[in-house]
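In the two complexes below, chain A is the common chain; its partner is chain B in one and chain C in the other.
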Partner chain A sequence: MALYFGDLLPYSSLLLEGLWTALYITLVAMLAGSALGVLLYLGKVGARKPLSILCTCYIEAIRNTPLLVQLYLIYFGLPALGINLEPVLAALIGLTLNNAAYTAEIYRAGFESVPHGLREAGKALGMKPAQIVQYIVLLPATRNVFPALTNQLILLFLASSIGSIISLPELTNAIMSVSNTTYRTIEVLAVGGLLYLGVSALMSLASKRAETTLFRWAVGTHV
Partner chain B sequence: MIFVENLNKKFGPNHVLKGIDCHIREREVVCVIGPSGSGKSTFLRCMNGLETISSGSIVINKHRLDDSKTNINLVRQEAGMVFQHFNLFPHLKVIDNVMLAPLKVAKTSKEEARAKAEMLLAKVGLAEKMDAFPGNLSGGQQQRVAIARALAMDPKIMLFDEPTSALDPEIVGEVLAVMKDLAQEGMTMVVVTHEMGFAREVADRVIFMDQGRIVEEGTPEEIFSTPQHGRTQGFLSKVL
Partner chain C sequence: MFRDFGWQDLVPLAEGAWLTIQLCAVSGILGVIFGLVLGIARTSPSRIARWISTIYISCVRGIPVLVIIFFVFFGIPLLFPGLEPDKFSSAVIALTCFAAAYVAEIVRGSIEAVAKGQSEAADALGLNYWRKLRYVILPQAVKIMVPPGIGFLIGLVKDSSLVTVTGLLELTHAGNVVTNLTGDPIKTFLVVAAMYFVICYGISLLGRLYEKRTGVHVDPLKLPEPAGV
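So, the complex of A and B:
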């Protein structure tokens, strides 16, 4: 069977709309999730034991169950409790809750890998703990966190394809419906795959660029 | 200036300092030598509260470190510290490393802090590196910045924790030279070091520690030429 991409042309806007939905869901879930992740991280490392245990349990539960199961639970499970969510909202909630757990761990690793000597130097200068965090630890920690966060953004973008299972009209969903109408399965998967690849590569490139401009000081340092 | 009495420090079951007694006078330069694991660094770190004291007492400039009501941050402003691994703030330019504590802790004005930082960096020979980031400096340069950073708080005492141990042999000298100048200006200094040449030349008094105790102390002449204790003799025969 010869490959023929011409049949896909009438559906290009459908694919692009799918891509847009995937991007939109990803960005919102990334922003909301990484903000929620801050709270989870603070709760986990905070002094209040019950809260710390609760946050740890949440993080581990999310990180040790499939995203697909989490989405099922929200989309098919919650209606049993009388909560019916639109696919977009269900996907947004699911990806946000999932992302929050991962980013919380990214923050923890990033802060822990700031050399202890920097905090000590701050202490030895008479700085208060809050000042040490604000002026000494925060930026090196951000530098540590940045590559992992952008990586997480790409993973989240790719994971948004799972939304197709709960009929979220994102890119993979669009690919499947174009495939079903045109029977050009390989062609549409190739095009869709390239769209994912292109966007991921752009994100990766942009993050490398941002890293070198934002953290110019880090050239030659190993923090 | 510094009074240490029956200082004990335990890390869990590990008894690291076993009853240290020591009195350091104003303008005195004291070098602490001894084998690794003898407790020298821990002793030094107790003096500005980086390690808590298990028992005994340390009084620095009338501040009692073992009193929980003592504001440790005031003590730390009076006792500057220089670390083995420099611990410069990598995200701040050299000048900002030096200005940070004066601005945020001493609350001096920006102009004043800057003038002071420029003066101190010139003093350690790094005026031209003001706008560089620490990652672009050599180890010796970083350590000199660290000295300037500690001096920016106008400390009355300077604590040095093996300041040249992480440096290449050929750049040790530039750091020692800065420390020597400081000693000659009359700064009270406690220096944990393996640089016997520096101890012999600059110290007013040398303390030899082993296994958590002060084994022997005296003038450099006494310690290096006529050590009394067997363990001191054994240690010196290996390092000299």
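So, the complex of A and C:
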């Protein structure tokens, strides 16, 4: 068979719109999810036992089930309770709730990897727990968390493609509808795949750059 | 028109779960084999091997699994006329392509995590590359691979839900079928989610058992993150 990309040209704006929707969903879900993740993390490590158990259960339930099933529960399940959601809203809620559990675990791992000696040193200096977090632990923990968070952003961007199954008009959805109208399946999948690849490569480059400029003070230290 | 969600609906769901387990076992094993080859190539002294494996790994890791599944499912019959793999085979091919790239990154991370002195000592002893790999590096790297590998396997089980788009009757698709019969998506997909949870949590318990037995614990932030969201 001969490959021919010309048939795709009239649909390039459809593909770019799909890409834009994917990016928009990803960014909103990342911001909302990582904020919700902070609350989940604080709830999990906090002193209140019932809240801690609740947060742990939530995190484990989300991390051990597929995003697609979570989206199905929101998109098909909520209407059964009388709550009808647009695909965009359903995808946003699903990705946010999903992302929150993963970011909470990232915060936990990041804070746990700060050596205990630093906290003890703070205590020995007579600092209050809040001061220890603010002046000692926060900065190295942030440096540990940052690469994992940007990695999560890329994974979330790739995962936004799953929204196409609940008819969210993002890039994968656009790819499949162009494929259905032009029958240029291989070509449009190749172009769409390259769009995903390009954006995720840019994200990874930008995060490496941001890491070296934001955390220049930490070069060569192993905190 | 609909009947209530009942005990009899657990049968197709359990059958779907069994297919999901089979699918993940086959593509997981194949993924580990190809991933080992790719990961060793990624760290090999040969520049061509490094290039090819790096390009493959970065391409697959930068494209959503769903797009890879579509590519295999629709692409193979178009690119190779006459070759029409059944749904299970195309799902295995797609998940294996995807798994190999992520396993390769875990293999690379583990090989690089083996202390540098070990490699230098092997060089000093005059071992050639393959012997060094076989007797010095890999035995130590394999221990480091297991915890992130377990994390990846859990990711594979979750991502296998996406082959539902090909119509293969695995757990998620079985959930769709039961929903159409009962009109009760909440109960159905809660049961589906619970089944996934049991599979995934079971795998993670195995990982914890391994960590307890061997005392090997790897910082999850220092190695490539397990795939799948």
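FYI, the second predicted complex is superposed on the first by the 223 of 223 C-alpha atoms of A that agree within 3 Å, B and C clash if a C-alpha of one lies under 4 Å from a C-alpha of the other, contacts with A are read in each partner's own complex, and residues count from 1 in each chain.
Everything below uses one rule, namely that contacts are C-beta pairs under 8 Å (C-beta built on N, C-alpha and C of every residue); 3 or more make two chains touch, one makes a residue touch a chain.
None of these values were measured; they are calculated from a predicted model.
Asks: Tell me the contact category for A:Ser161 with respect to chain B and chain C: first, second, both or neither.
Replies: In the superposed model, A:Ser161 contacts chain C only, not chain B.
Asks: Looking at chain A, does chain B or chain C touch a larger number of its residues?
Replies: Chain A has more residues touched by C than by the other partner.
Asks: If we overlay the two complexes on their shared chain A, which of chain B and chain C does A:Thr65 touch? Say first, second, both or neither.
Replies: second
Asks: Which partner chains sit in contact with A:Leu118 here, chain B, chain C, both or neither? Use first/second/both/neither.
Replies: After superposing on A, A:Leu118 lies in contact with chain B but is clear of chain C.
Asks: Would you sort A:Asn98 into first (chain B), second (chain C), both or neither based on which partner it touches?
Replies: second
Asks: Applying the document's definition of touch, where does A:Thr185 land relative to chain B and chain C: first, second, both, or neither?
Replies: Touch status of A:Thr185: second partner only.
Asks: Is A:Pro147 touching the first partner chain B, the second partner chain C, both, or neither of them?
Replies: second
Asks: Any idea which chain A residues touch chain C in the complex?
Replies: 1, 60-61, 63-70, 72-73, 76-77, 80-81, 98-99, 102, 106, 109-110, 113, 144, 147-148, 151-152, 155-156, 158-159, 161-162, 164-165, 172, 175-176, 179, 185-186, 189, 192-193, 196-197, 200-201
Asks: In the complex, go through chain C and note every residue touching chain A.
Replies: Residues in contact with chain A: 58-59, 61-67, 70-71, 74-75, 78-79, 81, 154, 157-159, 161-162, 164-165, 172, 175, 179, 184-186, 189-190, 192-193, 196-197, 200-201, 204, 219-221, 225, 227-229.
Asks: Quick one: which bits of chain A touch chain B in the complex? Just the residue numbers, please.
Replies: Residue positions touching the partner: 115, 117-118, 120-121, 123-128, 131, 135-136, 139-140, 143, 215-221, 223.
Asks: Quick check on the complex: what are the chain B residues that touch chain A?
Replies: Going through chain B, the ones touching chain A are 48-50, 73-74, 76-77, 80-81, 83, 85, 87-93, 100-101, 104-105, 133-136, 146, 149-150, 153.
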